[in-house]
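Two complexes are shown next, each including chain A; its partner changes from chain B in the first to chain C in the second.
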Partner chain A sequence: MSTPLLELKNISKSYSSVRVLNNINFSVVPGEVRALVGENGAGKSTTVKIIAGVEQPDSGGEIYYNGELIHKMTVKHSLELGVSVIYQDLSLFPNLSVAENIVKGSEKKFFVGLNTYKKQASAVLESLGVDIDTSLLLSELSIGKQQLVAIARAMYSEAKLIIMDEPTSTLSSTEVELLFDVIARLKESGVCIIYISHKLDEIFTVADSITVLRDGEHIETGAIDTFDQEKLIKLMVGRELRFVPFHGTDIGGSGTTFSVNNFTLEPYFRNISFDVREREVFGITGLVGAGRSELAQSIFGIRKASSGEIFLGGEKISISHTNDAIQAGVCYLPEDRRTQGLLMGQTVTRNTTSANLRGVSNKASLISGQKEKKVVEEYIERLAIKLPSIESHIERLSGGNQQKVLISRWLNAGPRVLIVDEPTTGVDVGTKQEIHRLLRELANNGVFIVLISSDLLEVLAVSDRVLVMRNGNAADLVETKSASQESIMEKSLLG
Partner chain B sequence: MPRLNKKIENLGLILLFVVLFIFFAFSSKHFASLTNIMSLFAQMVELGFLTLGMAVSMLSGGMDLSIGALGSLGTVLLAVFIGQKGWPLLPAILLVFLLMLLAGLLNGFLVAYLKIQSMLATLGTQSLFTGIGLVISKGITVRVPEESMRIFGRHLVFGVIPFQILLFIPVVIAVGIYISRSISGRQIYLVGCNEEAARFTGINVKRTLMKVYLLSAAMAFFAALVFSSRISSGRADVLNSKVLETVTAAVFGGVSTLGGVGTIGGAVLGVAIITIVSNGLDMMNVSQFLQQVIVGSLLLITLALRNLKGKTSPFVALRNKVCRRIQ
Partner chain C sequence: MTKLIKYKKREMILVLVLLLASFIIYSISPQFVSSVNIINVFNNNALLGIMSLGMMMVIVTGNIDVSVGASFAVCNMVVAAYANNTGGKNPFVAVLIGMLVGAALGAVNGIFVTLLRIPAIVVTLGTMNIFRGILYFITEGRWIEGLTGPFLGFANRRVLNIPFAVYMWIAVIVITYILLYRTRLGRNVLASGGNKEAARRAGIEPNASTLTAFIYLGILTGLAASLSASKLGIAQPSNGLGYEMTLIAAAVIGGTLFSGGTASIFGTFLGMLLLGIIDNGLVLARVPLYWQDLVTGLIIILAVASSAFQSFSKVRSRRKTIKIEGDPACQD
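Moving on, here comes the complex of A and B:
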């Protein structure tokens, strides 16, 4: 075996009294694609931050790069060594051209003409086998292409080690394939890649080896062929966990429904109708851009549909603002947790009660701190939310726990209809299961659940019927008991 | 912890106020006299009203730069109606109040409905309000000889307490409760934190912003009332220069320029500290020029300490130690 490119020895990290990494040993060789997996809070991000020099490990740990001991890894130092991290939010400049994004910051001369930029940028993109016009503004590209630009930028700065954090979470399937091609090329040229993802099928496609972390501990490292999905999940969560289907029983008992009739909003979707029956989880799936989120947001009053009606329990309800929707008991857990859901910089308490402030107010319409505390503590217990304190800022929680807080927000609003949009993206396997169980439990208790998801396994396991959308049209309505992933994928592509 | 921290932060400001008070009391024999203390509080009031409005607009994620110009316009309107036209006091004041709320509606409309960035919208209306004031007053100072108008800025209750303090205290309490306890107040914080997420949680963002700019116009009205009474006149730009001071005071008191963070109590303490420093330095015969340097340095030090919070630094270690002691 060749000398490791990077080696971490006995790395630990504590924040005040909480130990988030405990004696981690980790090494990668050039040309290796290493998947780093673990539930949220397992210590993946902290490991990355230590490699990138953003955080310093506790004393006692050692970092070797190409066999040399690095005494103090700083951000500058790690960049010079050729470590490049591609974060989820990409950290690029949307108002600059593709060429400038690739070359800026690592110019080899002080004065560089635009043409030189373009030439150099094109050369890098070509070596990756990517075809992007370098004179376009970055903001004109799709997220997937932007990601490739970020990789090209890393390559231009002669990166030896590229760390990708959930690189496919916002990509379409063709873009994912393109990314995998690029990764294969990088590998050939001897670049080492640390690949962080929750998507297990991707890991088995792209990685050579896997390191599993759990609760800050190193659990196992091995070649890809020593793992299978079931084993990996077991190692990640530390317990046996299979994807249990949660289908409903006694669906449509009393005959009340939540119905959406002929909803249209050009150019997003047209003539969409569906009924959600009592005790049913109703799925909506389709490719990115099929109009699913736009449909949900129209029902919720974010953007008004140009035509269509909503009936809840036989009564017509009109919604022209989100507030009307909430009054009527129609709630929506948005897809984009960071910008549409979380109130960053505010406490967990304020994030939980925001949709139903009246519910925590006293007779004089003043918010009662005691009532708030009681409500929040109730949900923390009910949903098993892990957090330092209810007065902690929401950004201090892990992704899964943040999502649980947002779900509490809607439970606290007394939902009759709960539309959840990609409720388990960026959420660890254990929490995923908990959310699925919760949705089923709510449905059994009479809440109409609409589950929007592009995770077909999730849709099949949790929902009873699925509406497949394609290009803004209702392509098909499927009973999940008699459906397979392949058949739904076919419907969403071809109809 | 954050709530505790906030309390400690305000506690720190109170402590600073006390320390400054003791310092000035020993440095100047006139400082601690009853007359000076009362005039100190009276001085706080005008800046205080304006800062309340500014703080609320900052909590909502904006910054009402027109608040000084609107206050000035208010003084002109009061002077014209009461001084020139000789209208009876009460209807004149009521009319001015309504006109100023109308101006607040305009600000709110520009920010909430036309979605113009708050600072730019109010930069525009700042010029607009000053312009209207200049046209109405023909660019000169309009006198208010009316005796009954003196009550708001020059009357001493029981011969000691300036009337404006008795006006200021209930307004501070009302605004404080509104912001910290009422549903709309909480919604202002949430809108200031993240407008889109606020909308997705069912908050009517437009209506919330309208309330913010109405409130800030109401605060400008109070400032105008007290000021025009104190100087017995109105002028179209007389309060304009106070705008930067209101931002300074609010930031000093812990209100974030990014929105969603801060308290009314903190903002008022910010006003108190800035006022005591300038009053105390006056008493010590420190020149106005040097005063600017001192206030500026004080602000920068506070900001530096606040930004260093949570990061390892000697300043923070010191601050934490001090805070723990106080606790």
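Moving on, here comes the complex of A and C:
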């Protein structure tokens, strides 16, 4: 074994009195791909921030880089040492161009050569295999493309250690392939990569070794072949976790339905029709960009479809604004929690109850703190949300826990129809199952569930029927009982 | 060209509004379009124009400075006092002193905002009163008049019939452009204005950007105050009252967003010009003074409303781009 590129010794971190990391020890060597895994709130992102100098560890811990003790790791210092991070929340600049986002932080000269940067940025994107106009503003890109920009940025910096915190959470499967190619190339040139993900199949594809964290403790580090999925999950969760695949319930008497008829909004989607039957979870899948989210947003009234009708329980409902949708009991969990979901700077409680304030109000129509607390605590328990306190600001929570809070919000809204768009993004394996179970249970209790997901395993496990969308068209409708991942994949690509 | 329309939409609209306003004023009072009057409009607004670019810079960092008017008065008096004592022999040194004093006042604001983390509006409301108060205390409200020597009137000197102050305005526009868009310093200002935490994680010190912006506004205020003393040959401690509102208006009309990170130098220039033309037009049309304030107020509201509309349509255009993104042809 060569000398470690980075070594953490007894790293701890506390926020006020809460200890979120406790004596973390591990090291990585050049050319290694190390997976860092753990449940939501285990301390992965915090570890990353300490390595990057964004957060300072408690005293007593030591960071060695190339065998040298770093007394105080600052952001500047870590950048100089060649550490580059793709943050879970991306940390990009919405007001700057793609080119500038890619070079920001790595510029050497005082005077800025715009065209040089543009060229260099384009070159990086090209080597990544994606086509994005570098003069666009970042805010004009979809969240998936922004993720690619963040990856390009890390590559541009020519770092020796690249940390990727859930880099694939918003990528399509083709783009994930591209990323894996890049990782292989980087590895070959001796770059070390710390890779964080909740997708275990990704980890077994890409990693050489794994470090498991649980509740801020270092549990185990070892070569990839010393692990299998079952063992890994057990180490992360701390107990045996059995996967119970769900089956579609018997869809008996199809009395009331939620139907969408001939929905069209060019150029996103056209002539989309489907019925969600009683006690059914209805899946919608397809490649990223197939028009799924746009369809959901139209149903919810965020962007009005040019034609189409919605029937709920035989009655036609007209939705021209999100308020109409919520009034009618149609709720939507958006795809991008940061820009479309969370109320930043607000407490966890307010984030949870905001879609159903009536439910936490007293007789005088004033919001009751007690009722709020009860509701929030119930979901914290149910979804195993890990948080400093229910009064802490939402941005203090780890990414996956933020997602769970959003899910709670819509569950709590008491929907008649619940459309969830990539509901388990960034959620750990254990809770993922719990969310699946919840969706199933809601369906059984009479809520119409529409599950939009690119994760085929998820779609197959939870939904009864799946609509496959391709290029904005309904490509096929399949019964999940008789479908496989491959057959759906084929349909979403070729039809 | 399409890019120009897409990214410079606001500036294009402003140019149209300017032309429209000019046309209306012209049809009421034809002397509006004479070279004398046009040069006058530029000359009368050069000083505020210079300062507006500094204000823009401060707003880009997500801050605001309402103490500029008071800083202007302080610089104005200091420069005049120096010119008075030296017989106006050395205009260059006088301007330099003005800019240094301005920079120091800007730094005071910047330090309070960054180190003590007090919101800029609170800090500068405070310093506005402190600067002005100290000035009145020291000067006891007295004016400085009868400036002489080369200092007097150098700002009015004309080359090609255009006053020096107008050249300075143009120079400051160019310098601001280079600073903001062509140096790492300026780019860092933009970046911190756009996403503070991301800036921090990219090794940029957002506080440094904020401090830079306040000092830059201070320097430009000092410059404008020196030019003012030279132009008028007189300085008084009540100078610069209400400047902050005009400067903020110019920047906002030009498309600078209070949320930070978005600026337009050309837009700010046009915004200043629009305010200037309307002032001028109302005078030419002999509209009573209080009506002028009303009209200016309306324009500011319209501008802010339109900037809200602009960010709204930005969200829309983003959705449109997502559609292009969603094009399956881009997928593989």
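Here, the second predicted complex is superposed on the first by the 377 of 495 C-alpha atoms of A that agree within 3 Å, B and C clash if a C-alpha of one lies under 4 Å from a C-alpha of the other, contacts with A are read in each partner's own complex, and residues count from 1 in each chain.
Throughout what follows, a residue touches a chain if its C-beta (ideal position, glycine included) is under 8 Å from a C-beta of that chain, and two chains touch if they have at least 3 such contacts.
Bear in mind that the values here come from a model prediction, so they are computed numbers and not experimental data.
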item	value
Contacts of A:Y87 with chain B and chain C, given as first, second, both or neither	second
Chain B versus chain C as contact partner of A:E391, first or second or both or neither	first
Partner chain in contact with A:H321 - chain B first, chain C second, else both or neither	first
Chain B versus chain C as contact partner of A:S361, first or second or both or neither	first
Chain B versus chain C as contact partner of A:G67, first or second or both or neither	neither
Partner with the higher number of touched chain A residues, chain C or chain B	C
Which of chain B and chain C A:L343 touches, first, second, both or neither	first
Residue ranges of chain C touching chain A (in the complex, touch as defined)	3, 181-187, 190-191, 193-195, 197-204, 261-262, 314, 317-319, 321-323, 325-328, 330-332
Complex contact set, residues of chain A against chain C	52, 54, 75-76, 79, 85, 87, 90-96, 100, 104-105, 107, 109-112, 114, 131, 135-136, 139-142, 144-145, 172, 174, 267-268, 287-291, 294, 303, 470-472
Partner chain A, residues of chain B touching it in the complex	1-4, 177, 181-183, 186-187, 189-190, 193-194, 196-204, 260-261
Footprint of chain B on chain A - complex, ascending	302, 321-323, 325-326, 332, 334, 339-347, 350, 354-355, 357-358, 361, 365-367, 388-389, 391-393, 409, 413
